[in-house]
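Once you've had a glance at the structure underneath, I'll fire off some questions.
Labels for the chains are A, B, C and D, by order of writing; each one numbers its residues from 1.
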Amino acid sequence: MRDVAIVGANMIKFGRYPDKDLVQLASEAAIGALKDAGITMNEVQMVVSGNLYQANAMVGQRIMKEIGATGVPVVNVANACATGSTAFREAYLAVASGAYDIALAIGSEQMGKMGLLTGFGDRDPSYSSEGVMGTGLMPGVFGQTGVEHMRKYGTTAEQFAKIAVKNHKHSVHNPYAQYQVETPLEDVINARVIAWPNTLYMCCPTGDGAAAAVLMSAEKARQYTKQPVWVAASVLTSDPWTQRNPIMFDVNTLTRNAAEEAYEKAGIGPEDLSMVELHDCFATAELVHYENLMLCGEGEAGRLIDEGETYVGGRIPVNASGGLLSKGHPLGATGVANIVEVAWHLRGQAGGRQVEGAKVGLAHVIGLGSACTIHILKK
Amino acid sequence: MTQEQVATEKKIKPLVPFLKIPDKYPDEPAYLWGSKCKSCGTVYLGSRIACAKCASTGPFEEVRLSDEGEIYVFSVVHQTVPGLEAPYVAAIIDLAEGVAVRANVYGLDPLNPSPQWFGKKVKMYTEKIRVDREGNDVIAAKFKVVDGK
Amino acid sequence: MRDVAIVGANMIKFGRYPDKDLVQLASEAAIGALKDAGITMNEVQMVVSGNLYQANAMVGQRIMKEIGATGVPVVNVANACATGSTAFREAYLAVASGAYDIALAIGSEQMGKMGLLTGFGDRDPSYSSEGVMGTGLMPGVFGQTGVEHMRKYGTTAEQFAKIAVKNHKHSVHNPYAQYQVETPLEDVINARVIAWPNTLYMCCPTGDGAAAAVLMSAEKARQYTKQPVWVAASVLTSDPWTQRNPIMFDVNTLTRNAAEEAYEKAGIGPEDLSMVELHDCFATAELVHYENLMLCGEGEAGRLIDEGETYVGGRIPVNASGGLLSKGHPLGATGVANIVEVAWHLRGQAGGRQVEGAKVGLAHVIGLGSACTIHILKK
Amino acid sequence: MTQEQVATEKKIKPLVPFLKIPDKYPDEPAYLWGSKCKSCGTVYLGSRIACAKCASTGPFEEVRLSDEGEIYVFSVVHQTVPGLEAPYVAAIIDLAEGVAVRANVYGLDPLNPSPQWFGKKVKMYTEKIRVDREGNDVIAAKFKVVDGK
C-alpha cells in the first residue's frame, strides 16, 4: 500500500439551498477541490461519490456529466452517516493500492427539511427490533447512549449541555457552518427537550451540503502541491455482536475498534493529536467518543468538558469547526467535510478557528446500523 | 360458523415477528420468543438464519422469553413522528435470557427522568395499537413498571 | 496488484419471494458462497454489498447481523444495473491491493412487481433531459439502441427477436432462472410490443434474487480450493461525453472502452473466450454488445445470431444461463450472478447448460447513467 | 390590475428548464435554449456549471436552439407509466447546433414504425400538458413531422 496525500480539499457552506439541485451543490464542491489541487477532471482517474437520499440515482456520474464526463470508473457508496467518509476511504484505497494515481471523493446531500427524526425501522421488516414504534428514532437512540454513560459514570445532563456550548462557541469563527450563533449554558439547558438529555441546541440541524477531496499518490502529490496532507490511517469498521446490539445500537465498540486500529496503523497515539473532528450528531455522542477515541481515560469524559480541555486553545481541541451541532449534518457530505476541515487546519487555512500549529488531526464519523470511519491526517 | 365467515373474520396480528399471539389469546397471553444458538448459547429475538456472534448456521432452539425484565437505559422522547403521543419513555430492557428489547415503558413520569430508573423491574403487557388495512387488530408489546421497586 | 481468485460462488433461484425479506434472500446466497469456499464469516475480512432499492439502508451490515457480525469493514455500493458487479469489483480491488486476503461480495434485490418501467428522470430536476415525460423509460431507451443499429447496419426486428429465442432456449437447462420456457421465433415476434422493436419476450422479467462470491488472494485460495477461478481483469467505466449522450444514453462507447481495457489487462482477446454472460436486459442490447465486446466485426452482429454462433455449442456461446431475459434481473443481484454463472462453467458445474471445456469467460454488465463492468475470469 | 390579482394570477411554466417561455407567450413562441462552451464549442441543453467534454468551467454563451431538426433514432413505446397515452413515438432529434433532444414526435403512425423515419425533418411546437399544484399551466416541447419529407 502506497502513501496517499490530500492535495485538493473543498466544501460549500452548509445550509438550505431550495433553488439549487443536488448536482449543482456537489459540482460546486468538486470543482473547488479540483481547482485547489490545480487540476481538472481530465487528470482524475477515478471518482467515488457518497450520497444517501439519492443513493441509487447515479449521483457520481451525474456530477461528471456536469463537470467533465471522461469515462473513468465511478463508484456510488452509502454507509448511513459515514457515507461521505466511506467514499473518501474507497478513493484512498484506490490510490494506495496502486490502481490509480489521482482520485476524487465527493460527499453530498440535499436534505431540505427532512431530518434525523426518521429511524431505519420502518423500511424493511427485517430491520425492526422494537416493541412499539417510535423507540428507534435517532434522537432517542443517542439519548440512550448518553444515559448509558450517566449510568456507568454518573455523568450529568449539564455536562452534555456543555458540549453544545463549546461547539456553538467554536462555530462563530466558521463561515461554512449552517449556524454561527453562541448558545450560553443556560440557553442550552432551557431549550426544549428533543430526547432527554438532549435539548434542541444539542441536536444537529438538517440542511444541504457538499464537500470534495482530491487524493494523489506521493509522487503525483509532490508534483501538484507543496502542502500535501498525508493520510496516515484510514479505517472502517462495522459493529460486532455485543450483548445488546442491535437492539441498542452500540456506537462505542466499533468506534473503539476503529480507533485502536487507526492509532496502530498510523503509529500515532491520541496524545500526538493536535485536533479532532468527531461525529457530534448529538451532544451526548461527542462526550462518549472522548473515551472511545481515548482522548481521556474511562469515565473521564465529563471532567474533560468541565475543564475545557476540548476547546480551541485547550489540550485537545475537538470540533473546532463547530461540529455537526453548528455546521449541520447533510448526511452524505459530513464525512468528507470533516476530513476537509482537518486538512485545512493542517495547512493553516482555517481562519479564525485555526488550531495553531496543528500537525496531526483525526476525523471520526459514525453511521448507525453501523459504520465507523477514522482518518488520521498529518502534515 | 361457515367457511365464508372464517375467511373474513378479523385476525389478531403482532406488530413485530418476535411477539407470539397464542390461538386462545387473550385468554392465553401473548409472549416474546427468541432463538438460542446451540453452538454458543446466544439468544436472539425472533428467528435466525445464522448466529451473529459465532457465525454458526444452526441449529437454533426456540425459546420463550421472560415477561419480566429490568430497565438498562432509557431516553425520554419529546419530538417524534406524526401520530405518536409524546413525551414517552423509550427504554432498553434486559430480559433474563440475556437478550435486550427496545420498548416504551409506562408508569414513569416522563417529565422527571431520573437515575433512579436504572434497574427498575418492568413487566410486559400487550395492547392493540391500530387496525391494519385488512381490518386486523395489530398488537404491540409494551412494558410497565412493577410496583415495589 | 495481486492475483485474486473466486473461491466461493453462489446464487439463489431468481423469482418472486413475497414471504421472505431482502436480508433473508441475501443471507441465503452469502451463506451458500461461504460454504462453497469452506469458510465462515469469521474468516471474511471485508464485505461489499450491492443493492439498489435499499441502497441507503445498510444492507451489508444487516446481512452480517444475520450471518455473523464480526466488525469488519462493510461498504454498500450502488451503480444502477451494474450495482452487483461494482460490489464484486470493490471486493476484488480490496484483495488485489493487499489490504485484505479474503473478501465477500453480495448482490441482492427484492423488486417484487416493480419493474424497469420507471426511468431515472423524475427523481431530480437535474436529471431530466426530455421534452415530454415517458420518453426516457428503459424499454424505450433500449428500443432506440436497437433502432440505431438498424439505421447503421440494416439490422431487422427479426434478428433482434432471434436473441430472445436463443436465450429462452438456453434457460430450459438453468434451474436458477426465473423462467425456463422456450419461445419459438413466431411467439416472440407475435408477442405484444413493449417498446419497438422489443416485444414482451425480448424484455427481462422483474423479480427477486441474490448472489454472492468469496474472493481470496492467491495464497489463501490455494489453501481453500483446488478449483480457483482467477480474475484476469476487472474493469469499470462510466460514459464519456459523446455527441448525443446523455440525451440518448450511449451504451456502446463505455462498453467498448471497458472491453478494450479488459482484454488488454487480461492479455486475453475475444477470440480466446469460451463463453460470455452479457447484459441482455432487452434483446436489442445483446445484439449491439456482440460488436461492443468484439465478438464479431462492426455490423456483423445480425449475422452472428442468424448463423447461431452464440448458441451453446456455437463458436462463442452467449448467455448460456438464459440471460436476464430468462433469469430475470433483480438489479443489485445481476452483476454478481453473472460472475457466479461464469465461475460455475469454468469449474464444470453448470449442469445441463455447461459450456464444454470452458476455460475463459467474460461477464459484462451495464447500468444506465452509466456504469459498465467487465470481468474476465479464467481457470 | 391590483397587486393582489397579480400575485394569484396563473403562470405558464416550462416542463424542463431548457424550454424558454417569453413574457409575450403565446404571441412570441417558446423556444429551446442551450449553453455553448467557449473553450471547445460544445452545445448543451440548458445551463451548465462546466463542460462535460473539455472540463472547462466556462464561460458559456447562451444560445437559442433551432425549432427544426431531424429524427436520429426512435422507438415506439407501447407499455408506459400510468397517465400517458400509448403507443407513442419516442425519438432522439438532432438539432442544427449539434445538440440532441429527447422528445415525442407526432404525425407518424406508431403502429407502422419504419426505417423511412430516419432523417425525417421535424419541427418543435409547445403544448400545455398539465396544470401544476399551484394552478400554473405546464408547457412541454413536442415535435411534429414537417410535411414534404
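The definition used in the following text is that contacts are C-beta pairs under 8 Å (C-beta built on N, C-alpha and C of every residue); 3 or more make two chains touch, one makes a residue touch a chain.
Remember, it's a predicted structure, so these values are computed and weren't measured experimentally.
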Chains touching both chain C and chain D: A
Pair of chains joined by more contacts [C-beta pairs], A-D or A-B: A-B
Where chain B and chain D are represented by their mean Cα positions, the distance between them in whole Å: 56
Centroid distance [mean C-alpha coordinates] between chain C and chain A, Å: 34
Chain centre separation (chain A, chain D; CA means) in Å: 42
In chain B, residues with contacts to at least two other chains: 52-53
For chain A, residues contacting two or more additional chains: 24, 64-66, 69-70, 125, 241
Contacting residues of chain B [partner chain A, same complex]: 15-17, 19, 42, 45, 52-53, 72-81, 84, 87-88, 90-92, 94, 98-104, 113, 115, 118, 129, 140-143
Of chain C, residues touching chain D in the complex: 117-118, 125, 128-137, 139-144, 146-148, 150-151, 154, 192-197, 241, 243-244, 247-248
For the chain C and chain A complex, residues of the former touching the latter: 1, 21-24, 47, 52-58, 60-62, 64-66, 69-80, 86, 90, 93-94, 96-99, 120, 123-127, 235-241, 245-246, 253-254, 257, 367-371
Interfacial residue positions of chain C with respect to chain B in the complex: 24, 27-28, 31, 40-42, 64-70
Footprint of chain C on chain B - complex, ascending: 48-57
